[in-house]
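First chain A sits with chain B, and in the next complex the same chain sits with chain C.
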Partner chain A sequence: MSKEHIKVLLAKKKIDVHGRGTKLIARELRDAGMEVVYFRFGVVEEIAEAALQEDVDVVGVSIMTSGQIQIARELIPALKARGLHEVLVIMGGIIPEVDYEPLQTLGVHRCFPPGLPGGAVAEYIKRNVGTVSLA
Partner chain B sequence: MTSTAVHTTELVVGGSVRHASRLITEIENGSPAAREVLARLLPHCGSAQRVGITGPPGAGKSSLTASLIKEIRAQGRTVGVIAVDPSSPFSQGALLGDRDRMLEAASGDADVFIRSLAARGAAGGLAVAVNDVVDVMDAMGKDVVIVETVGVGQGELEIAKIAHTVVLVLVPGYGDALQAMKAGVTEIADVVAVNKGDLPEAAGAVEDLRSQDYVRRDPTADRTWVVPVLKVSALRREGIRELAGLVDDHYRFTGDSAWRSEIERNRRHAQFLSSVTERLRAELAAIPPDAFDDGRFSDPHLAADEFVTDIVRARAHLRAGGLATN
Partner chain C sequence: MTQDVSSDTFESRKEEWEKRRARYADKLRPGKTLSGLPVKTLYTKEDVAGSDLDEMPGVYPFTRGLYPDGYALTPWMQQMVFGYGTIEETRQKMEMMVAEGMEGYFGHKVFNTVYDIPCMYGIDADHPEAAGNLGQCGVHMSTGDDYDELIRGWDLDSTNFSMITGDNCLPALALLAAAVERRGEPLAKMHGNSMNWYPRIAVQDVPSWEPKWGYALMIDLIKWAKENAPDWNPVNIFMYGISEAGATPVQELAYGLAWGKSIIDAGLAAGMAPDDFIGRLSFQIGCTVNLFEEVAKFRAHRRMWAKICKDAGVVKPSNMHARVHVHTSGYVLTQQQLMNNTGRITVQTLAAVLGGVASIHTCSYDEAVGVPTEESHRTALRTQQVLMWESGLREVADPLGGSYFVERLTDDVEAAAWEIYDEIEANGGYLRGIETGEIKRAIDNSSYELKKMINSGELPVVGVNRYVSDEKENYEPFRVDESIEEKAKARLDAYRARRDDAAVKAALDNVRVACEALKSGDGSLMPALVDAARAGATNGEMMVPMREAFGWFVSE
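On to the complex of A and B.
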């Protein structure tokens, strides 16, 4: 499904100073025509609250210093509790491959490893936005 | 459709962020359903104090807004924030970074509603939707609605038609550019805040600006508002309480004469003009070119002139009862 204005919330941990990847993705999505809200979170509830207030189509979480399982465990219910059932949830960064399956079981739609060719994330979002629901 | 509009209206007035947030998206997309809800929200509007924050890129508008949010919350008032960032004219994409700078002020506080908007090509330093989004937050019951413009140069003055009080945020060392700005944005400032007041050049900048003797004339009475120039530091949270106090002083000042109702009327007029423009543009674009001037447009200006004259005449005719019903 394609949408005229896709809005993405791109979140990374506030204490995580490794911001290069997130900024690169932010630019990639902006250049693909998306409206990207970039912000750093302290606790997971802040991601869900921002997604609610900004009415985003996509929530992307950048992971550099682990914690992905716990974040997903809190994030998906927090989104659902706010009625955000159709948000596409993606993660990227330093995530061991063994975590991909448990993350998807928790409700994360897709995990992206580092080193992808430019445009891969934007392409995925364009193809999948508006087609998902949080189980 | 109408029953949905009634329902949505009730939920928004009741303070549902989910429904307000979705409505804002629909307003941004120019949906007809959103217009119906907006019409129903209007009776619930009019109690919010509207504050505009404008200034050049990098002056610290978002950081200062964050400090103001904290101050206003400390007074027990609720806050809505509309933060506008530019859209790319090439990709239509946008990077909305204001929220990040306001996070500390807002996190975990349900009475702060921050919404980032992409300008989507609108001129004037705002997005087309802003005026309507102000109404949504007003109807939700926010006591104060802050509108932060994109980083401005000289000509982005739309905020003056929306806010009760415009705060112009400048930084020390802006002296040279200030010259160029003299005929522009300083003319709409009701309060000037020199941010980054911890820098050594700040005192000089404040003095420079004060010596300009900026005043705003009350169009409805023989009196003037002397624009205060204040040194602040969003970083160190200095001068924020004073700034909030000056914003409130100005709000009260305009309320002491017919100035306030003039401001309200000007805002609704701007909203009317922008609504007419947007809707006509959409309606006209949907009509095939041959419907106008045989589609040849040998003189496009003349064709436009005839078209507009037709519309105005037809309307006058209708108003005079010529075509009575529909």
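On to the complex of A and C.
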């Protein structure tokens, strides 16, 4: 399904370091015509709250220094609790490939390795936004 | 077959060379370094006509190395970054690294210990924002107990504690000092390194102090160390952070030197004499796979820093030494076809050694996935040790010195870096570059350009845009069990239960007063932090009044 205007909340933990990958993805998604809100969070609830307030179609979480499982475990219920059942949730960065499946079981729709051309992420978003459910 | 071999002058040989390549020379794609400096297919004595080929290692301006015989007297320091879990886990790792032969100059022990991000930021284990990150990408150390265990049994005269901290740099040093005192030893026996790298916020997206207070805190630590622990290295100029954020090697060099110059300026403004503190500044530099440009960068770096120090009024030659620790670039490692990274790391380490640096951390091949396993971490250390003992690299100082290409590239890298450096200096220096965001914008743009070159295939990256495979790696990385969070909290609770809460509160009130005194320019903070550490305050507790006083600056 294609959507005219896609809004992405790109979240990175406030205390996380090395923001290069996150900023590159932000720029590459903008190149693909999306609106990107770059957001640094303290606790996971804040991501869900920002997603609600910003009325985004996609929540992307960037990981550098671990915490992906804990974030996913809290993020998906927090989004659902705010009625955000249709939001597309993706993760990327320094995440072991063997975590992709557990993360998907927790409700994350897709994980991306570091260093991919941003176009690959944008293409995935365009293809899947509005077609998914967190239920 | 009919080649004319009668004439052996340079000119006639050059003519012959041109003749032999005439057929295809136009079709050769012009080469360039990672920074975009042009590279020719051949260098001759004509290319070094303007170079100073009379330099000697161990002699100003130190292009050929800091020491007259290079690594022959003692090899480079193997300073592997490590640290995870609580100090209990990290202590075991310290002992294992010593057993594996990791050592510094003349057999000294070197512990390059990285803190977890909650500690770096300044929150204790029970803070809600620490969840998910405790002990994961570094060790969680916040109490006096933790620091007692860090130094237990190690001989302070021959052990270096390099503490990879963040904003908690001052509290961490205070906690270490209090632990040394509890052991009944003088602070003057402390050896090691504080990062004190506040200026990294110009390039790294971490919330930190407001710029002017960031510099005041740096200088406070430098002064305290000078008076109390004169062998302590109080500053690490974190050029690695600059290149990992996306700077080219030339930009890394220029911005790194400008960073160093900004500390010199701040120190002089605070009333210190050049020879009293400049010689204690040191560097941490990145190293990509682009071998020759990296070698040229390390050579040019020593020369440029020596000149900057001399211009600043340093008299003693050893105080003009650019002492360099290399951290091989993590950005160049790929998650795709993970084992390929061993090849990259070997080339990166080779570049650092040929560049004559003082100390090396080699990344592990699996760092693109997570924290290294015991095996990958050992292999990274062994990579250094293979180069150290099997390659013959140690025998000769500056083995590439005199190479037409390397000498010329050293000069070219230097000239290109001075150009950027001079512009920053003319515009108010590095500190102003933080405030305006100018440095970050330049580096973000470089990062984006590089990524576009990788996306388009113009810059080959094996496994990413060349020789791509769909095969899954399914690599099982090192895991720090989540139960570490409970363990860290339990250690914190046990520590708090034993201390005198009223004394801690009083000491933290004094920290608050000292913060204000530092801000008004008539007092120092470190002594109050050491007192607070003596009284039992934790890393996170000391950071609360500091956050209140020195504010917030988020640069992104």
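Quick note on the criterion: the second predicted complex is superposed on the first by the 134 of 135 C-alpha atoms of A that agree within 3 Å, B and C clash if a C-alpha of one lies under 4 Å from a C-alpha of the other, contacts with A are read in each partner's own complex, and residues count from 1 in each chain.
In the analysis below, a residue touches a chain if its C-beta (ideal position, glycine included) is under 8 Å from a C-beta of that chain, and two chains touch if they have at least 3 such contacts.
What you are looking at is a predicted structure, and each value in this text was computed from that prediction instead of being measured.
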(Q) Using the superposition on chain A, tell me whether chain B and chain C clash or fit. (A) fit
**Q.** Inter-chain angle, chain B to chain C through the CA centre of chain A, in degrees rounded to a multiple of 10
**A.** 100
Q. First (chain B), second (chain C), both or neither: which does A:15 touch?
A. second
Q.
Going by the contact rule set out at the top, does A:4 touch chain B (first), chain C (second), both, or neither?
A. first
Q. Does chain B (first) or chain C (second) touch A:82, or do both, or does neither?
A. first
Q. Which partner does A:29 contact after superposing on A: first (chain B), second (chain C), both, neither?
A. first
Q.
Under the stated touch criterion, which partner chain does A:130 make contact with: chain B (first), chain C (second), both, or neither?
A. neither
Q: Kindly classify A:71 by the partners it touches after superposition: chain B alone (first), chain C alone (second), both, or neither?
A: second
Q.
Looking at A:40, would you say it contacts chain B, chain C, both, or neither? Reply first, second, both or neither.
A. both
Q: Kindly classify A:102 by the partners it touches after superposition: chain B alone (first), chain C alone (second), both, or neither?
A: neither
(Q) Per the contact definition in the header, classify A:55: touching chain B only (first), chain C only (second), both, or neither. (A) first
Q: Working from the superposed arrangement, determine the closest approach of chain B to chain C, counting only CA atoms, in whole Å.
A: 6
**Q.** Where chain A meets both chain C and chain B, residue numbers
**A.** 14, 27, 38, 40, 42-43
Q: Spell out the part of chain A that touches chain C in their complex, as residue ranges.
A: 12-20, 22-24, 27-28, 38, 40, 42-43, 65-67, 69-71, 94-98, 113-115, 117-119
Q. Quick one: in the complex, what on chain A touches chain B?
A. 4-5, 7, 14, 26-27, 29-43, 45-46, 49-50, 52-55, 82-84
Q | Residues of chain B defined as touching chain A within the complex | A | 17-18, 21-22, 24-25, 28-29, 87-88, 91-97, 99-100, 103, 107-108, 113-116, 118, 120
Q | Of chain C, residues touching chain A in the complex | A | 116-118, 120-121, 123, 128-129, 131-133, 136-137, 166, 204-207, 244-246, 331, 334-336, 368-371, 444, 447-448, 451, 454-455, 461, 464, 472-477, 480, 482, 554, 556
